[in-house]
Amino acid sequence: MNVIIDLCVVPIGVGLSVSKYVAACHKIIKDAGLESELHAYGTNIEGNWDAVFDVVKKCHEKIHDMGAPRITTTIKAGTRTDRDQTMADKVASVKAKL
Amino acid sequence: MNVIIDLCVVPIGVGLSVSKYVAACHKIIKDAGLESELHAYGTNIEGNWDAVFDVVKKCHEKIHDMGAPRITTTIKAGTRTDRDQTMADKVASVKAKL
Amino acid sequence: MNVIIDLCVVPIGVGLSVSKYVAACHKIIKDAGLESELHAYGTNIEGNWDAVFDVVKKCHEKIHDMGAPRITTTIKAGTRTDRDQTMADKVASVKAKL
Amino acid sequence: MNVIIDLCVVPIGVGLSVSKYVAACHKIIKDAGLESELHAYGTNIEGNWDAVFDVVKKCHEKIHDMGAPRITTTIKAGTRTDRDQTMADKVASVKAKL
């Protein structure tokens, strides 16, 4: 089962800047070989369900290791069985109607 | 690593009522032996990270099996390393300040 | 237009405990005369769209006033035109199928 | 008070394709003169709080007018008082650390 997620990880208790934690997550995503797209309020990732959610777990573990004692994350996750659809397909589908 | 999540699973393409799908997820949560609390816009679940996210995956698989070709899910997930905190603790902590 | 929302407000840069900020929001909701239900990962609120989102804005303003320089909030918002449905109806609808 | 949001509007009860509804929202955002960025799981919008949330409300009204009897929306909303930060700043801040 493939999934597209939007991942937004927020470390708490480490001050105002969260970009270094987001960058660390980006490296984890890349190391997993998954397609991803950074945007201004999260990162979209696509791939096999287990691989994608393994990355989410590794991001939590890494951010705790970096010193954040608390993390709150928001995830949107989409699956479909009627057809394959990539992140690029989703954007193209909307843009074709603009 | 323990986690508390808020899970809101939305089947698409099966009409307006989603309660039977939510009820099916509830059974999956119970079968996994995890603590959970249903509320008006989702279900809170607490437990070991792998057990909790295994339930999320099984919910997607079950809802597809029930006939929904597309699902979009919103998850909030919280972890902390400074101390243990249950769902009941979180609610009590706020209520003590009201 | 009525709306049911799930509101989760996270102050950033003020340490690990967020319960006093959630309690302050709870007071704003009560002062607005809106129905609400606290749960372990947010607060559900129902009412007229403008009244509900005015409360969300006031929560951000209040939490900044309390000293949090940054806030990230997650909201789920549901509207329907086919029939009236309260938060209690939604929970009852699932429980009837358990 | 400025805000950056991530908006994901999901019409329910109108079949599997939601892109025409997203496109209609895009037009509302443009007509409001707000900066926005479409991504694979939502649209980021930045601007004055009232202007941004007025757009969210108009999206719900429009999608109901287009025939969707039920809508569930997920919003992330970020405000900060320590400094101005645009959507482009947020992405650049992460990319500088990659």
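Just so it is clear, A, B, C and D label the chains in written order, and each chain counts residues from 1 on its own.
Here is the rule we go by: a residue touches a chain if its C-beta (ideal position, glycine included) is under 8 Å from a C-beta of that chain, and two chains touch if they have at least 3 such contacts.
Only a predicted model underlies this, so the values are computations on that prediction, with no experimental measurement involved.
Q: Answer with same or different: of all residue numbers used at the interface between subunit B and subunit C, are over half used by both copies?
A: Same residues, largely: of all residue numbers at this interface, over half are found in both copies.
Q: Tell me which of A-C and A-D has more C-beta pairs in contact.
A: A-D
Q: Compare the CA centroid of subunit D with every other chain's and tell me the farthest one.
A: Max centre-to-centre separation from subunit D belongs to B.
Q: Let me have the rounded angstrom distance from the C-alpha centre of subunit A over to the C-alpha centre of subunit D, please.
A: 18
Q: Can you compute the centre-to-centre distance for subunit A and subunit C, using the mean CA position of each chain? Integer Å is fine.
A: 25
Q: Please list all residues of subunit A that touch 2 or more other chains.
A: 8, 13, 16, 69-70, 72, 74, 76, 78, 80, 82
Q: Spell out the residues on subunit C that touch subunit B in their complex, using ranges where they run on.
A: Subunit C reaches subunit B through residues 4-6, 8, 16-17, 19-20, 22-23, 26-27, 37-42, 44, 46, 74, 76, 78, 80, 82, 87-88, 90-91, 93-98.
Q: Residue numbers of subunit D touching subunit C in their complex, please.
A: 1, 3, 13, 49-50, 53, 56-57, 60-61, 64, 69-82
Q: So in the complex, the part of subunit B that touches subunit D is made up of which residues?
A: These residues of subunit B touch subunit D: 8, 10, 12-13, 15-16, 18, 69-70, 72, 74.
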